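Quick one: the structure is below, questions incoming.
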Amino acid sequence: MLAIIDYGVGNLTSILNMFKRLGVEASITSDLATIRKAGKLMIPGVGHFDKCMQNFNASGLRPAIEEIKAEGNTPILGICVGAQMMTRRSEEGVENGLGWVEADTVRFQLDPSLGLKVPHMGWTDVSAAQPASPLFKNIPEEPRFYFAHSYHFRFYGEDLSTATCDYGYSFTCAFQKGNLFGVQFHPEKSHRFGMSILTNFAAL
Amino acid sequence: MKRIRIIPALLLINDGLYKTVQFKNPGYVGDPINTVKIFNEKGADEVVVLDITATRDKKPINYRKIAEIAGEAFMPMAYGGGIKTFEEAQKVFNAGYEKVILNSAAAENPALVGEIARVYGSQSVVVSIDGKKDWLGRYKVYTANGSRSAGKSPDVYAQEMEAAGAGEILINSIDRDGTWEGYDLALVKMVSKAVSIPVIACGGAAGMDDFRKAITEGGASAVAAGSMFVYQKKGMGVLISFPAQSLKV
Amino acid sequence: MERPYQQCALTVMDTIADPDITFDENGISNYYHAFKKAEREFVFTGAEGDRRLKDLVDKIKAEGRNKPYDCIMGLSGGVDSTYVAYQAKQLGLRPLAVHFDNSWNSELAVKNIENIVSRLGLDLYTLVVDWEEFRDIQLSYMKASVVDIEVVSDHGIFTTLYKLAKKYKIKYVLSGNNVATEYIMPRSWLFNKMDHVNLRAIHKRFGTVPLKTYPVYDTALKKYCHDILQIRTVTMLDYMPYNKKAVKELIAKELDWRDYGGKHYESLFTKFYQAYILPEKFHIDKRKAHLSTLICSGQMTKEEALKELAQPLYTPEALKLDYEYVLKKLGLSTSAFEAIMKLPPKKHTDYPIERGVFDRFPVLRPLKPLARMIRKV
C-alpha cells in the first residue's frame, strides 16, 4: 500500500487517479496507523511554501514521518512544494523547511533579456542523469514533464541531482538521497512520462 | 527552443460540450468525459474547461461532474465558470484541477484572486479576459460570457489582475471566437506586453501557423483553441483532434 | 433437456453459440452451408465482379450528376467502412462520409476517421447525438434485458444516413456489409435494427429523458426512403476479393489506419458489450461467428481460430479500467450494474414490435399487391 499524505494541501485526487489507472493500490490518508503501515509515502504540495510547512507542522504527522524517514526503509517521494519542503528553507517564505537534504529552494533569477516569464509553467524537456536513478528507468523517449513553479532546488555539498532541465538556465528538477526522492514537476499530470515515474516509484 | 503549450478550450453548458461562434449559437459537440479521455490519449498539453452559462444562470458548480471529467485527464486541467468564493475554488481543486479560472468574479471581487493565490499559489489562478472592440475600435473587457462590459481596457485590467495575484491570463477575443480567422494578435500583444505573467491566447485559431504567430508576434506563452480541435475543418462535422507534433518556438 | 455439446467440423460454431444449430452427416453445421450458399449467390470476384461493380459505379455516377454527392456512407473508423471509403474514392465516386458520434468513440477511432477524410479528401458530416438522451436509451435497453443493445447505435447510424440521403437526394448508400468477413451471425444474437416501434416501446418503458435529437426511423421516413427516393444499398465489398489481413495492411499503408485489436472495438461501449456483457450475461462470444466466417472464406484455419478463441476477451487489468469507465459514463453504481447483469434475459419481442399494416389487419392482406401498385403510381 502506498500512502498519499493528506495534510490539507494539494491536488491529491489527481495523484490517486493516476495510481488507480496504473493499478497501484494507494490511498489518500492522514491516519497515522495507515501511514506507519504503508510501504511507500508520497508527500504532495502545492501553493505557498509557508502555508504547506505550517499545515504539515500542524497536521501532527511530521514526527511519525520523520521517524519513518530516519529508519530509511520506506521510499518517500515529494512532489513540487512537497519536494521543496525537504530542503532547508525557501526564498518564498520564512518558515523552516524539513532540512532532509542539504539544499535550499530559491526563486528563478532570470536574465530579463531572455523574455521568460515566471512562474515557469508548461512542459519542459528533462535530462535524466546517467546511469538513470530508479525513478527514471525505462522512461519514454524525449522525456518531458509538466512544471508550474516560481522556485527551484539549489543543492550545496553533495550532488543529489538525478535530473535537470533548462528554463533560462539549467536547474535540478529531481533528486534522490537513499530512499528519499523529490521531483519539481508534476508526474501525476505528465501523461505517459509521469506514469513511468510513478510506476517506477511504486515498484521500488 | 521552448515547448509551447497547446490547450483545447472546451465549453460546458449544463452537462454537455458545445462550441460557440462569437460567443453565440452554441453547437453540441458531445459528452465532456469521453472528449477529455480522447484528448488525454492524444497527449494534449493541458485542457481548459469553461462552463459558459454558470454565472449567467447562477447555477451551482456540478463538482461531481467536473471531477468525473478530470478523472480521465493525466494532464493539467483548468476549470472556470461560476466560481465566486474561495470555498468554491477549493472544491474545484479537490475535484482534480490544478487551476481555477476566474472571469466575472475577478472583475467584481479582485481580492478573491489573491485569496486563492495565497493558499494555492499564483500558478493556480488564471484570470480569463474576454475582449471585444467597441464601435470606436478600442478593446474593452467584457464579463458574464461577453454580456456585461467591465468598462476597462484589457491591458490595464490585466495589470490589475497580475497585481491582485493572478499567475496567468487567458485572453479571449469575442470577435474571433469560432471564426477560424486567426487570433486577434493586436489584442494578444496588448495584454502580453502589459504583464510579466504567462498569457494564453484564445479565439480564432485555425492551425499551427496561428499558434506560431500568437507566440512570435503576439508575445503569448501558450495557445488555446476550440473549433479546430472539435471540428474536422471549418463547416465540417465534429471530430476531436490534436496536433501530433509538439510546437516549439 | 440440453443437447450434448457439439462443434462444427469445419468452423468454430457450436451448440453454445446457437442451441438450434444443425449438423449434417459429416458434422458440418448449417452455418457453413449457409455461408457457401451466400457466397455463390452474392459474392462476385474476378471479371464478373469487376463488370458488376463497374455497372453499379456508372449508374451511381450518372444518377448523381449535378448533385453535391453521388452516394453516402457511414464511417466508423473500422476496417470495413475504411475500405469502402478507400474503394469509393478509387472508383471515382463522391461519397458524403457520415459519422454517428454516440460519445463512446475511442481515440483510435477518431484518429482513423481524421486520417481517412483528410487523405481521401472527403466531406464529413457528424451527428453528435445528445449524450443524456443516448445514455438513457442505452440504459433502457440494459434494463429491458434484451440482447441487442447495439440496436441503439445502429438504428441511429442508419437513420442519420437515410435522413441525409433524403436531404441531399442521394439514392445510394455504400455499405461495408460483406459476406467474406461477417456473414455468419446467429439470429438470436441480433434484433431488427430498424424497428422504431420496439425502440420506442423499450425507451418508453424504462427511459426518463425525452428523445429530442436521437434520430428515429419512423414510418414517414421509411416510406420516403423506400418508395419515393428508392434508396439502394450497395454492398460493394462483395464485388471484390476481401481479405481482412491484406486490407488491413493496405489501409494502414495508404491511410495511416491503426488497428483496434478487435472487431467493432472502435467504440468503448461496443468493446465492453462484446467482451463482457454478451459473454457474461448472454453467454455469447461474437468471435465465434467472426472467426467462423473467416474460416469459411478461407482466410483462417480452424486451428488459428481455436487459438484465438482460447485468448481471454479481457485481461483483468483492462477489464477493471473499462468496467469503471463504462459505469461512470452510464452513471451506474456497481450494484445497479450487477443487478442488470443478473436480470433474466428477455426477448425483443417481449416488447411491442413493428408490424406492417397487413400484419396488424390480416383481413386486408389480399389488398397488398393493389396497395403496392397504388404507391408506385
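Read from first to last, the chains carry the letters A, B and C; within each, the first residue is number 1.
The rule is simple: contacts are C-beta pairs under 8 Å (C-beta built on N, C-alpha and C of every residue); 3 or more make two chains touch, one makes a residue touch a chain.
Here the structure is a predicted model, which is why all the values come from computation and not from measurement.
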| item | value |
| --- | --- |
| Identity of the most central chain, Cα criterion | B |
| Comparison of A-C and B-C (more C-beta pairs in contact) | B-C |
| Greatest separation from subunit A - chain, by CA centre | C |
| Cα-centroid distance, subunit A relative to subunit B, in whole angstrom | 28 |
| Chain centre separation in whole Å, for subunit C relative to subunit B (CA means) | 40 |
| Distance between chain centroids, defined by C-alpha means - subunit A, subunit C (Å) | 50 |
| Multi-partner residues of subunit B (each touching 2 or more other chains) | 71 |
| Touching two or more other chains - residue numbers and ranges from subunit A | 21 |
| For the subunit B and subunit A complex, residues of the former touching the latter | 2-5, 40, 43, 45-46, 67, 70-71, 73-77, 93-98, 118-124, 167-168, 196-198, 221-222, 246 |
| Subunit B-touching residues of subunit C, taken from the complex the two chains share | 99, 101, 103-107, 110-111, 113-114, 117-118, 123-126, 128, 130-132, 213, 268, 325, 328-329 |
| In the complex with subunit C, residue positions of subunit B that touch it | 15-16, 28-31, 33-35, 37-38, 41-42, 68, 71, 232, 236-241 |
| Contacting residues of subunit A [partner subunit B, same complex] | 9, 11-14, 17-18, 21, 46-48, 51, 81, 117-119, 121-125, 144, 146, 148-150, 186, 188-192, 194-195 |
| Parts of subunit A lying in touch with subunit C, wherever the complex brings them together | 21, 23 |
